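What follows are several structures.
You will see two complexes here that share chain A, one where it goes with chain B and one where it goes with chain C.
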Partner chain A sequence: MTTPTLTPYRSRLHPARAGFGRLLHAEWTKFRTVRAWPVVLGVAVVAVVLICRLGASGSSTSGGGPQTFGPGGERVVDLFRFAHRPLTGDGSITVRVTGLKSADSRSIEPWAKAGIIVKQNLQEGSAYAAVMATPAHGIRMQWNFTHDTAGSASDVATAPHWLRLTRRGEHLTGYESADGRTWSKIKDVRLPGLPRTVQVGLLAGTPAHNNVHRAFGGTSETYGGGLVTGTYDHLALKGTSTATAWKSTDVGGPVPNGPTPQDAQPGRTNVSPSGTYTLTGRGDIAPAEDGPDMVQMSFQGVFVGILFMVALGTLFVTGEYKRGLIRTTFTATPARLKVLAAKTTVIAAVTFAAGLLATAVGFSLAQSVLRHNGFTPPEFPDLSLLQNPALRAVVGSAALLSLVAVLALGVAAVLRNSAGTIAVVVALVILPQILSFAFPLPAAQWLLRVTPAAAFAIQQGVTRYPQVDHNCLPESGCYPLSPWHGFAVLAAYAVAALLLAAWRLRRRDA
Partner chain B sequence: MRWLHAEWTKLRTLPSTWWLLASTVLLTVAVGAAAASSLTSGVCPSPDACHEDTVKLSLTGVWLGQATCLVLGVLSMGSEYGTGTVRTTLSAMPLRWRLLAAKAAALALLTAATGTVAITAALWTARLVLPVRGPTLRATIGSVLVLTLVALLGLALATLLRDTAAGITLGLGLLYVVPLLADLLGSPLWRHRLHRWTPMPAALSIQATRNLNHLPIAPWPGLGVLAAYAAGLLLAGGVAFRLRDA
Partner chain C sequence: MSDATIEVLDLRKRYGRTLAVDGLSFRVEPGTVTGFVGPNGAGKSTTMRALLGLDAPDEGAALIGGRPYHALRTPLLEVGALLDAAALHPARRGRDHLRWLAHSHGLPAGRVDEVLEQVGMETAARRRAGGYSLGMRQRLGLAAALLGDPPVLLLDEPVNGLDPEGIQWMRTLLRTLAAEGRAVLVSSHLMSELEDTADHLVVIGRGRLIADTAVSDLLAAASGDRVRLRTDARARAMELLTAQGATVAVTGRDTLTVTGLRAGRIVELLNADDVPFTEVGAHRATLEEAYMELTRDAVEFTASAGTDEVAS
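Now for the complex of A and B:
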């Protein structure tokens, strides 16, 4: 007689080879069933939405006087001294720029301009293409405010330089030359809808001087002044013109109520018998960047959301260490890196989903409040949630929240201690912002480049053009890095924390 | 006295306490020195023509040092709840108010001593880099008090919430996020209000040595705001401690 032997139950799954899907499911169950965590996530969403809305309701604008808009609909500055003649049909203008210097007591602005321009008409904001000499940025060809192409690095303060602009239909081509004989092309651009008769001539202008005084708890920024003199000779216009003499106009000016009394003074034009032209003028031809950033103003709540995300990411790991559950987890799944990957995936997905809900709702509410408070088109155009920059800012802010949670998770796996982790991550993400208000400007900007706080650049809605000098002040919400570069800094921190965590998990017992 | 001794022993024998205190000193000095050395000669050509408040700048490290003090305060109560020691403690010392007072006293003495070292060292280090001028006594004493009060605030939060992670998160939020929101807020009225009535910007007005009439709140009342927060929360924590089971 044989006794039947009972084989004990064994799971058919090899513990080390449990599918990643199951692991994800296990971690999701852990997250879902700890009562406090979904509650914290829900509270985070509500807090972000509420503070986004409240933050927006504190901002209002009464509209800053008349605005100028460029051909692309963007806000622009279009003020300069213009010596012009009409040109009908095709033609070209050639000049030698012999000098560009400051005409007030201050040193010259790096983006002061002297050169030649073809402009649709004498109205502010009309289409144009120009070739110009600048003190610090060499020869440039710029058109329709937002476009800028670099030519050679010649400085007209040291040696005169020849410029030429040719019009053929809607096409404008810029050339430059050191001697007036061999010409090199800078760029050929098309200005759609350019009329048959345009204004061509000489331009002189400079951006206003910008004075920033920063001290603890207060910053004052003033714009004003700025006057340059450009000198030109060998001026030649080819083509049909109805006028025989050059006429001078201050496009967009003079400004009667400008920041400095000199703004009300007209520019000057002098023509010497030998054919030397001297133009003195102020003002700039560039996109306007001084307005408030309506996108960024809608994301005040994200700072608060970060705190909750840090707590969640931390507790998702340290909670297991505190109760000893981590040993059970590693017994069930000895592959530590898989556990880390599953935990990271779950926390990233959960916080991203919640963050996206919060930022999308918060942004929409904040926008409607801002509209109500006077931020109205055309100065502040409508921002669609599904279009950049709003889309980038909303999704980017959600990703930011998610990455902060991942960073906290990585640090928690290294430190295995809630107190230390939360303090370290909050200090890394939030503190640089506060210190940047207090530090002198170079140190503040450095801080916002190298710490995870750089990622807040993803919320910026104002396009920064390289052809406009801009003081990047942290207190006015400016981050020195471009949106995606800033975001990459945070991503790099999160990846580094995860790598360190992976290394520590494999090296150290739980 | 014995109660104080017991609490002092608990605090003294934890390695984390000494780590935190050491990092308080280190961070306060390092950030202060970094802030001081970031001053260019353009901003500050000579001590008399300096636009910056050099005393305040060299004490910038308190912004960071207070975080470790907060963690220390939270841990002094939170870790008892985390490990369950609080039940042993309460069996041995059943008078809740006296226990809390002893804890607060031990914590306050230790942070005040460390704070004195940190602030003095920060001022000395900054003096090597730049000429610190001005009446530094109020800023020095005030900064030490700020660190001490922040540690007590942490203790109060942990007593109220009975959890380390929650206490630290809430504490850091109160210290850092609220003033940050204040700085980014568009409305000047609300900015002014938040600067006046939230613990950190108000308390750190004690560090100012110039432009005193431009401060949102005067130095000593500002410190009083932080003290009121700490005392109020400690009182609430004490009531909760008295009424709840551990």
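Now for the complex of A and C:
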């Protein structure tokens, strides 16, 4: 046994605490110094920008017909049968709705409407508030197209129901009653700038029937028809009116949306001697959701950018496992979860920064191309990069790219193998989109709810209103979840992958 | 600050059905180069991984300065390790590899240049690691181990792939590092590589300790009472000495190795019988011979060791 005669050696370097900032610095150095990685990131930016721009140049519009805009500037549909009288100053209208049924050969639309309305004037798109009965959604109070409040679930097909709307200045209050004696308030709303004299009366309308034929590679979607009859009695108007008789108008003209204009007939109004009003009308009072989504159209390159992000997130981890470098990493930093956190932070930051550059430039280029191709105001208002929905879509798409890279990193830390990781992440993010085109609609929508592909909802610029039925067709770029809910699905997957990775890192030998 | 020691206490590690390390204990003191020797699969790398906190021991402990690795705040300043010289990203420059390591401990950039100079890699470090020879990788790995100027060094087969000049350089470096008061543990499956380098030896086989001894003691024991004899009358000398109870082995055209008689007695006997000889001297065993003798039992053992050898 050799007896040491020397004093034990001590490092001449100052023991610097291994704080998290230093780990970030180390991981950033790792990323920066494998030249292919920053290059891939740069190529990804260029690819995303180019494809966003090229994708947009494939879309053009000739402007279509005249458009209607609501008080908030949004595109709306404002077509209905209106039996009306002017009302000056404060007052109220009360009616009992006794029935609402389809007047054509098709079954009634869930959002068909029969009720009472106070409207600024007879012009399409003017301000209004209405209380109405619907076949499938009970009693509703709606105002200025985009707003909707549910009342009771009463169905006028089974029992008549009383509705009342009172006006006091700019305030309109909706009430409902089952018996005409006990009233419950639905909502009090304010219509700013409502003139002293307004039109008040009965309404009948329905959204058009919607026919969809889906097949892999082609979908046809047509709107047309739709005619309903509402029946009313006990109509009472309180307040000052310059007219003594009810007049009927088809707001928006007699030819709203028939399959062929000459087939469309004007609405009808009948008044029986006993005071029963029968209104037959077509058209709808609702926000328009059928136009192209000018925001979403500008992000076609993001789909391709995802592939680059998956590769980066994967290689940043598997590149170390493949050659045993991970042991050097864990020798320098025995706290493995901190290493995972540092790697995640670095990959998230670099991919987000690159993604943001790509989506901001890509979006701006795509917008200018779209404007050149006929997408012009007022039908397609200019979208500011710093305002929603464009801001949300630009930042959200960058965050989407970043989260996909993090998801890949987490999966890579679990599987420790490049090919397997890339296969899993592509199957999770890209495959559902492709399958959704082929699957039956319920299955397709389910896929786009439960897989990370749901996050593409963040790119949607068209607000989906619950009071408007629409076929959420994947091939039309519709995602069933709202933007942030869809984004949260992807975030949940990324977090789950990281937790699984953390659990495996702690448990397994390196 | 902890003592610069390495301690392995009753360490046991099993991978599936294979027992890689089976109750191993030893201690490495500061100021020595300790050779960690055993055939491939003996459990050397497993022990080193356990010391570095990469593999969790099933039983026992592997401690640096009395503490498990994961308890070290700034591990690179306390232990330098070279486990696998191939563990480099081929697209990363050697210098950048050291840079991220330095950043992980907040070490100054100048430190990277210092260790690169110390291992003679100033120029090569500007190239990508994918083009390095095994020797260059070993030097870079050693630079990484020295980066934190640590009092403890764990080096797994560091001379593997070095040219003779490199081996000589490595020997000198290891001796210097130990002379500064560091504890240096160097594993090898070839005892000859440790010749003139190690002060102390820990020999293991099949995960168990075979010997824990100073090199000088081992050599003395292995040299034993053997005497080397050079003579032109080989046959007569053999006959005479065998008759006196010695064991005589022929080791060359005119050389014999005699066991069982001291050198002085051999000279007496040869002179008495007028047997000519040109040289009589104590035999000095090489480390390799000493090792072979030491592991004779283990070799028999290996011969019957079936399929459950562990790749280290």
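We adopt the following convention: the second predicted complex is superposed on the first by the 486 of 510 C-alpha atoms of A that agree within 3 Å, B and C clash if a C-alpha of one lies under 4 Å from a C-alpha of the other, contacts with A are read in each partner's own complex, and residues count from 1 in each chain.
Criterion: contacts are C-beta pairs under 8 Å (C-beta built on N, C-alpha and C of every residue); 3 or more make two chains touch, one makes a residue touch a chain.
Source: prediction; values computed, not measured.
Judged by the touch definition given at the top, the superposed model places A:L391 against neither chain B nor chain C. Of the two partner chains placed around the shared chain by superposition, chain B is the only one that A:M297 touches, whereas chain C remains out of contact. Of the two partner chains placed by the overlay, only chain B lies in contact with A:A438; chain C stays clear of it.
When both complexes are overlaid on chain A, the residue A:L23 reaches chain C alone and has no touch with chain B. In the superposition on chain A, contact of A:C472 is made with neither chain B nor chain C. Once chain A of one complex is fitted onto chain A of the other, the partner contacts of A:P8 are limited to chain C, with no touch recorded for chain B. Once the two complexes are laid over each other on the shared chain, residue contacts for A:I51 go to chain B alone; chain C is not touched.
When the two structures are aligned on the shared chain, A:L307 is found in touch with chain B, with no touch to chain C. The intersection of chain A residues touching chain B with those touching chain C, taken from the two complexes, is empty. Only residues 1-2, 4-13, 15-19, 22-23, 25-27, 29-30, 33-36, 319-320, 323-325, 327-328, 330-335, 509-510 of chain A touch chain C when the two sit together in their complex.
Touching chain A in their complex are the following residues of chain C: 1, 3-5, 29-32, 49, 52-56, 69-70, 72-79, 81, 83-84, 86-93, 96-97, 99-101, 103-107, 111, 144, 148-151, 179-183, 199-200, 213-214. Residues 51, 55-60, 213, 215-218, 292, 297, 300, 303-304, 306-308, 310-311, 314-315, 318, 322, 418-420, 422-423, 426-427, 430-431, 433-435, 437-440, 442-443, 475, 477 of chain A are the ones that touch chain B when the two sit in their complex. Across the complex, chain A is touched by residues 16, 31, 34-35, 38-40, 43, 51-53, 56-57, 60, 63-64, 67-68, 70-71, 74-75, 78-79, 82, 164-166, 168-169, 172-173, 176-177, 179-181, 183-187, 189-191, 195, 208, 211, 214-216 of chain B.
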